[in-house]
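These are the structures, in structure tokens.
Shared between the two complexes below is chain A, which pairs with chain B and chain C, respectively.
So, the complex of A and B:
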């Protein structure tokens, strides 16, 4: 049987699970990105974007998986959807009691709920419940399992732990509203790169990548969450980030013109910076880093090369250091970045740079290493983050080459903000 | 009471984070537009009207659990 858990393709640095690229991201990024997009709720239809984007991707992925592998029984299909939800760190949901008419789901845990409570204040009672991704996942899975069209099931979150409930609960019903739906861009417009022999470099990037790819990063049996490197990780659909971000930007442009795009782009980039600070920082403080990478490190610059080697195991494409001036500048070239892959398939060309996660991430690397000092093992909390943000040595970054604008690859430069 | 963008930004940067004001602006892009304010026209000395300050105050509470201080917004 085709493995739905995915296969790592070393010549693209991508995990592909039934034509869907899956990438590693933490709850800081997931919840900050969602919170930023929710900020548009008073003037954009953001909630359908957050839910339907998940539904569109999951529907196509599972439908293809069931057809290709000739999976016919409903019980087996329900088990696969439930297992994959847990494998990816989305949480633990028992789907076995559901029927073609729908039913109720009680999750033992769910990533966005747990992640939100860890990062933000509880949601107000008059706000919508937090688990939009899971709602879309369940609708898409059900449509694939019961051989319906997209939009024929509706999932409503009925209980939410960010509002004081004990467990996240959902209700799936048949839907009679006419909904818009889109096809997932799947693997998008990707590139391949020539492997580079780095066995003689101080940092053996290939060995690091191989070790990380082979790590059993998956949801635990108890609650389906991935607790690693001090964060809750997910193996998230790359296209989920891309669909929710680019659909929102498109709506922003229609409604608010360039104002919306400019401010939206800044916040999407900040989400990437938040992600780098917490995930990269968490990794650089981890026992895995101490065991695998720290023994290779001879200088502060090696911390940069080490974390870039780690990124190449995240499924984000190929990151390569083009230039590093200590305390001053970092230039990263990205081949087959997931943001461009998806954007090019969805829209063909962009007028503005679109690799927001990568842009924030590159500044994050410099801020962790040369603004703060991750080698001194600081506590990665909000106070430290704000300290770094307010420092006169704070780095910011910009995308100077963008594949979605027609360039051959992406290039991101991080320099001192006050230079 | 006159509250300028600069006063609000300074308080927001100091009390919360340098990105907090941007998130609040993002929330209220449509409200700013209704009063004729476009992002490119929002400068440090732009005066914020009471009506939009009320909405901004609510957003700070919703997002960060914090209310605007009395010198910026009198309830």
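So, the complex of A and C:
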């Protein structure tokens, strides 16, 4: 069978599966970002954004995959959609019983459901169910499998484990409403970079990247979830983050003008900071870090170089330390960052910086290493996060160069908040 | 005679996590004997950098997870609350292996 897995491109630090960039992110970021966007529900149509963004991407990706690989049988198409869902750590769903009229899906597990319960309290019964991404995935997959147009299937989540149900369940039906749909920005406007020989550096970034890229990071056979580095990981569509973030930002701007942009930027940057705290922190506490990277570390600064080397295996583009002043400042240059790649294709140009995940992430690195002290193996919980946030040594960051604004690359600077 | 020290992480709601510190390094023979409890996965990090060390994990569904670094002195065990009966089985296997090392030396 022509499995859809993808390939890592080392001159872009991008992982491409049928023209869609896939990037590693954990359940802390996924659920926190979703929760942040859901906070706008009283004044924005946020739920269609969360569902339709997934549908738009999955539809185009699977449709292309079926055409390019000449996959014609429905059973094979259903299997590929199901396998890719599990491979990426989205969960495990049996799609084999479905027909062109739709049907019901019972998931053994689903990433956002499990992730939400791990991170937050159960959802209230009068709230919508949690699995917006999966709902969009199934609609888009069905439209591609049964050769329909975008918007011709509707997926409704009928059971939700965050409300006490045993399994996440979904119903797919033919849709007769007229829905807006967009094409995925796919690989976007990307750059390539010239690799340099880092074999003489204390931290051998090339070795770290190679080792991580070859690791079998994929959903396990039982539930399709990826448990690694103390978190639930996903190989998520870069464009899903970009579509839900930038579509929400556009809506906020339409509704509230510049205040909306400021509010949205703050929410999205904080999601990046939370991501860094949990994902980078989890990685720096992991056995893999102790085996692969810790033996190379000679100073506290090497922790920064080590985690930047790890980021370069995540599919986020090329991160490079331009300046590091211990306890004081970190400047990171990003080439072909996934946020700018996608934004440039979608909107061509921005008036304000848009690399929110990276901006939060760079501050997060400094806060983990110089504000808290990750080398002392602290428990990464909400109490510790708040402690770091309240500390007078807390770092914050800003984007000083932005490719979406016309610069050649992105630059993020993290400095002490009270400086 | 105490063959290993144990520290339990009490911060997890769903699992019990224990870290065992041995006086002898974790040799491949220990990993092979523990592999009977689940799927063994070894990350050969040393092939990418001479400084790096190989890691291993042994897992069975979501009820059991054993991991560590080859030739290091610490091994970690994570079991779900429904599988706490596995802890004495694991410790017995560990004890048996340590005593065998002593006998052999």
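The rule we apply is simple: the second predicted complex is superposed on the first by the 416 of 419 C-alpha atoms of A that agree within 3 Å, B and C clash if a C-alpha of one lies under 4 Å from a C-alpha of the other, contacts with A are read in each partner's own complex, and residues count from 1 in each chain.
Rule of thumb we're sticking to: contacts are C-beta pairs under 8 Å (C-beta built on N, C-alpha and C of every residue); 3 or more make two chains touch, one makes a residue touch a chain.
Note that the structure is predicted; figures quoted are calculated from it, not measured.
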Simultaneous placement of chain C and chain B on chain A, clash or fit: fit
Can A:291 be said to touch chain B (first), chain C (second), both, or neither? second
Look at A:121 in the shared chain and tell me whether it touches chain B only, chain C only, both, or neither; answer first, second, both or neither. first
Chosen between chain B and chain C, the partner touching more chain A residues is B
Determine, under the contact definition given at the top, whether A:267 touches first (chain B), second (chain C), both, or neither. first
Contacts of A:43 with chain B and chain C, given as first, second, both or neither: first
Counting only touches as set out at the top, which of chain B and chain C does A:70 meet: first, second, both, neither? neither
What is the contact status of A:256 with respect to chain B (first) and chain C (second): first, second, both, or neither? first
For A:211 in the superposed arrangement: first (chain B), second (chain C), both or neither? second
In whole Å, how close do chain B and chain C get at the C-alpha level once superposed? 19
Sites on chain B touched by chain A in the complex: 13, 17-19, 22-23, 25-31, 33, 38-40, 62-65
Parts of chain A lying in touch with chain C, wherever the complex brings them together: 204, 207-208, 210-211, 215-216, 222-223, 227, 287-288, 290-293, 295-296, 379, 381
What part of chain C is in contact with chain A in the complex they form? 9, 11, 41, 43, 45, 48-49, 51-55, 57, 61-62, 67-69, 72, 76
In the complex, chain A residues that touch chain B: 35-36, 39-43, 120-121, 124, 127, 255-256, 259-260, 262-264, 266-267, 270, 382, 385-386, 389-390
